[in-house]
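Presented below are the structures under discussion, each in the form of structure tokens.
Across the two complexes that follow, chain A remains constant while its partner is chain B and subsequently chain C.
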Partner chain A sequence: MQIPVEGFMYPNEVELQWSILIVLYPFITGLVAGAFILASLERVFRVEAVKPTYRLALLTALAFLLVAPLPLQLHLGHPERSLEMYLTPHRSSAMAMFGFVYLWYLMAVLLLEIWLDYRHDIVVRSQTEKGWKRLVYRGLTLGSTNVSERSLHVDERLGYFITLIGIPSAFLLHGYVGFIFGSVKANPWWSSPLMPIVFIFSAMVSGIAAVMLLYMLSTRLRGQRIDMRCLDKIAQYLLYTFVIDFSLEMMDLLQRIYEADESFRSLDFMVHTRLWVSQVIVQILLGTVTPIALLGLMQVLKVTEAARRWIYALAGGLTVIGIFAMRWNVVIGGQLFSKSFLGYTTYKMAFATREGLLPAIILMILPFIILWVLVKLLPPWPESASVPSGATPVHGTS
Partner chain B sequence: MEITRRRLLVLLPAAAVAWKYVLAGTPEGAPNYELTKHWWAMLIDIPKCIGCGSCVRACAEENDVPEGYYRTWIERYHVADWKIERPEVESPDGGKYGFPPHADDGGKNFFVPKLCNHCADSPCTQVCPVGATFISPDGVVLVDKSYCLGCRYCIQACPYGCRFLNPKTNTADKCTLCYHRITKGLTTACCEVCPTGARQLADLKNPKDPIHEFLKTHAVQILKPYMATGAKVFYNGMDGSVR
Partner chain C sequence: MFKNIEHLVRLAVVMMIGVLGFVILRAAVVPHSFGQYGHYRGAAIGEIASRPVAFAGHETCEACHTDVVEQKKLGKHVVVSCEACHGALAKHADDPSSVLPKKLDTAILCARCHEANGAKPKGFPQVATAEHSGGLACDTCHQPHHPKIETAEIKTEGKK
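And now, the complex of A and B:
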């Protein structure tokens, strides 16, 4: 397959090495980190208004976290050797730490927090459900069936402590993903100490937007009323984080424009040509400026509840698209120009290949299927939880 | 220690894994070669290069380099008068079959052979998540293809575009400085065939190597010195437009 090249590329640079699957990786981990941080607002910072999304946010984080390693695994030339990263990690490699950061976050933070939060429900269900469900819940108790008041109090305290650890861990998870790119000194599009920080804030933005959309969708599907106090609060937090995120990105941009180092002319040309649609139109105008303007207007204008819901849904959708475009522009954009700064290549995305569009679509659908299973298994809302009498969820929604 | 059946079941797989690593770490036999007595580098004399492409062809032949990928290549620069920051560069098929004539418009033309710089502080070895790429005690950056995951982080980290994913092995690939030859007292395939002596293998630890005299008496540069990679491919007569 002939790849169109403009100007001069080093001969080995013509073919892109990191495909759409590597775009998914920071996108998915960003959703995980963002969803968790939204959940922690309620737990640690006692933002009561966002309580209805607490458990949903945790389950969303878990569903996406379970899928996060799959695009990497599919992308490897030798997936069967991936365990070597755990067995013989190369300590100087930023990437070698992925497995450990991932496992820490999955096992020590997310699974533990969800388990502690649901333990009471699980124990009750292991006693009341019938057939295979009973077995599943019995397994999920991990042998811990004590639901005395004292024991639940311990769960609560421990859960709080884990959330406290979880916040820096979520920052670590996504800041680390930013570091993987930001520490590549050979690539001026990536190399920036701001990269991990921008990644953290963009993660929070995408995670909050995704949970907001999921909350609206799931409430609608259940035929329930959307708690507008909750939705307004989430939209407010989304706006605040988005403003910080956008400011950081603009600072980075201004610095690059003003410094105009040797790579600038090449990168500037790339933004005005190959990345014009994905970066300027989709990421900045549609995916950032528009949602910020919409969310900002909601803070100053008096708008009916129905209109607010539509505007939040629009702003949330545009935000998620914008953050995906940002990941695309970082990963793909960083490989379109030559390290000689004299030319540009093209990304030809295949469809039904190992690193093509089809597996990417499947990988983006998969977390929603996992989330559906998790929601069925561990209902995040009380009304459909049908928890038998006498069993009150520790973190029930109001 | 008494070897019970249970202990044996634990010990056998562990021993098998350990043996695998012992075998993987055994270097290719080169009985008279002492790793620590060499520190390999290369000298490229740009004014001598005629862009014939012999080196690229010899490398591909010697190392079974797949079509369309390059362990070494040649670039032709054309710099028009004062436009040193905007040179015109081309490398059709990596310069493997030479270059078509260039219209003479008054600028200067010259050829620049490129290959892995075998950096002493190489970013590619730094980022490899499993240490499959490493610098040998004699200063050659190598890839263990039986261990490489094919994650391609090293390809992204190389500032010089010297690495590629070999489609036959699905692992990172690059110039080995013909390690299988130099450890047997031979020179590299590219140096061997260069008709003008534009490429010279050099051993920086050998005090008798002519490289030392050459470095003392010539204005020599490395590519992208600001990357601080400890590059060991030295260029004589390199124009400021080269990148």
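And now, the complex of A and C:
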């Protein structure tokens, strides 16, 4: 297959090595970090209005975190070798160190926080459910059915502490993804110390938008009323985070324009040609300016609840698309130009190949299937929570 | 007090079992010579050194195939080592009569270097094989050891 090339490219640049799977990887990791930050709003910053989404945000983060390494596994091949990263880690390898950040975040932060938060429900269900479900819940209790007020208070304190550690961990998790790109000094499109920071803020934006959409969709599907106080608050935080994210990206852009180093003309040409649709139209106009304007208008205009719901859904959807476009423009855009600054290549995406569109679609559906299973096992809905903490505790241990 | 944190103690035990399992797994599967000289298996050096040599080296080939050496001297392929095209042939060098090299398909082999590509320097001879020869083997017209056709009218070099 001949790849259309324009101008002069170095031979190793003609074919793109990082495919759509590497676009998915920061996108999915970003959703994890963002969803967790939203959960921490309630837990650490005591934003009571977003409480209805707290558990949903944690389960969303877990569902996406479990899928986050899969695009990398599929891209690299030989998934069985990934264990070696843990067995014989090399400190100079950012990827190996990420393995530990990932493991820390999964085991020491997310699973622990979810377990502590759901422990009361797990204990109650281990005594009320039947069949295999009972066995699952009994296993999850770890053999302790003590849900006394005092023990739940200990859980609450520990959960708070874990969330406190979880915030820098979430920053580290996604900051690392930005670091992977930002530290490639041979590539002027990526090499920027702002990259990890921009990635963190865009992660928060995408995660908050995704949980907002999931909350709206799941509440609708269950035939319940959407808590507008909660939705308005999430939309407000989405706007704040988005404004910071957009400002950072614009500062990066201004810096590049003013600095205008030797790569500038080439990158500028690329943005005006090959990346025009995905960067300027989809990422900036549709995926950033439009949702910021919509969310901003909701802060100043008096709009009916039904209209607000539609506008939030539209803004949330555009935000997620915009952040995906941002990941696309970083990963694919960074490989379209030559280091000679005189040539440009093309990304041809296959369909049913190992790194094609089909596995990418499957990988994007997979977290929702995992989330569905998690939601069935540990319902995050306010009305399905078992009796309030300490009200009728089941004392003693089995 | 212990009763209220018993579940956390149980959790800590589960985690410790996990960490212990990891330590045992690591001790079991990481080769003993790992890290002996650096971040790799020390014994790998000996294993690689003990592997049979696959390449004979162009000096060995040239000791017998003197006619090819003379041909190559006339053209640009003089800088290309024999086994770059013919593959590793130490076995043939050891026993020339019974181990014979495979006949190469020049329609595929030559295109590996000479297929037109925008990334290649302009001075490098390259052709779009589909247009240039239509799948015909290159050695139908070219002599691979001295590929330039001196007498022919057709210009083949530098065509894109």
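The working rule: the second predicted complex is superposed on the first by the 380 of 398 C-alpha atoms of A that agree within 3 Å, B and C clash if a C-alpha of one lies under 4 Å from a C-alpha of the other, contacts with A are read in each partner's own complex, and residues count from 1 in each chain.
The definition used in the following text is that contacts are C-beta pairs under 8 Å (C-beta built on N, C-alpha and C of every residue); 3 or more make two chains touch, one makes a residue touch a chain.
Just so it is clear, the model here is predicted, and its values are computed rather than measured.
For the composite obtained by superposing both complexes on chain A, the positions of chain B and chain C are in clash.
In the superposed model, A:78 makes contact with chain B only, not with chain C.
Using the contact criterion defined above for the overlaid structures, shared-chain residue A:5 touches chain C, although it does not reach chain B.
By the touch criterion defined above, A:115 lies against chain C but remains apart from chain B after alignment on the C-alpha atoms of chain A. By the touch criterion defined above, A:158 lies against chain C but remains apart from chain B after alignment on the C-alpha atoms of chain A. Once chain A of one complex is fitted onto chain A of the other, the partner contacts of A:148 are limited to chain C, with no touch recorded for chain B.
Once the two complexes are laid over each other on the shared chain, residue contacts for A:88 go to chain B and to chain C alike. Shared-chain residue A:304: touches no atom of chain B or chain C.
Of the two partners chain B and chain C, more residues of chain A are touched by B.
Legend: residue contacts after superposition of the two complexes on their common chain; A:96 is shown touching chain B, with no touch to chain C.
Touched by chain B in one complex and by chain C in the other are residues 8-11, 13, 88, 90 of chain A.
On chain C, the positions that touch chain A within their shared complex are 3-8, 10-11, 14-15, 18, 22, 25-26, 29-30, 34-35, 39, 117-120.
Contacts from chain B toward chain A in the complex involve residues 69-70, 73, 75, 85, 87-91, 93-94, 114, 123, 125-131, 147-153, 155-165, 169-171, 227, 243.
By the touch rule above, chain A contacts chain C in their complex via residues 5, 7-11, 13-14, 86-88, 90, 107, 112, 115, 119, 141-144, 146, 148, 150-151, 154, 158, 343, 397. Residues of chain A that touch chain B in their complex: 8-13, 15, 17-18, 72, 75-78, 81-82, 84-85, 88-90, 92-96, 98, 180, 184-187, 262, 334-335, 338-342.
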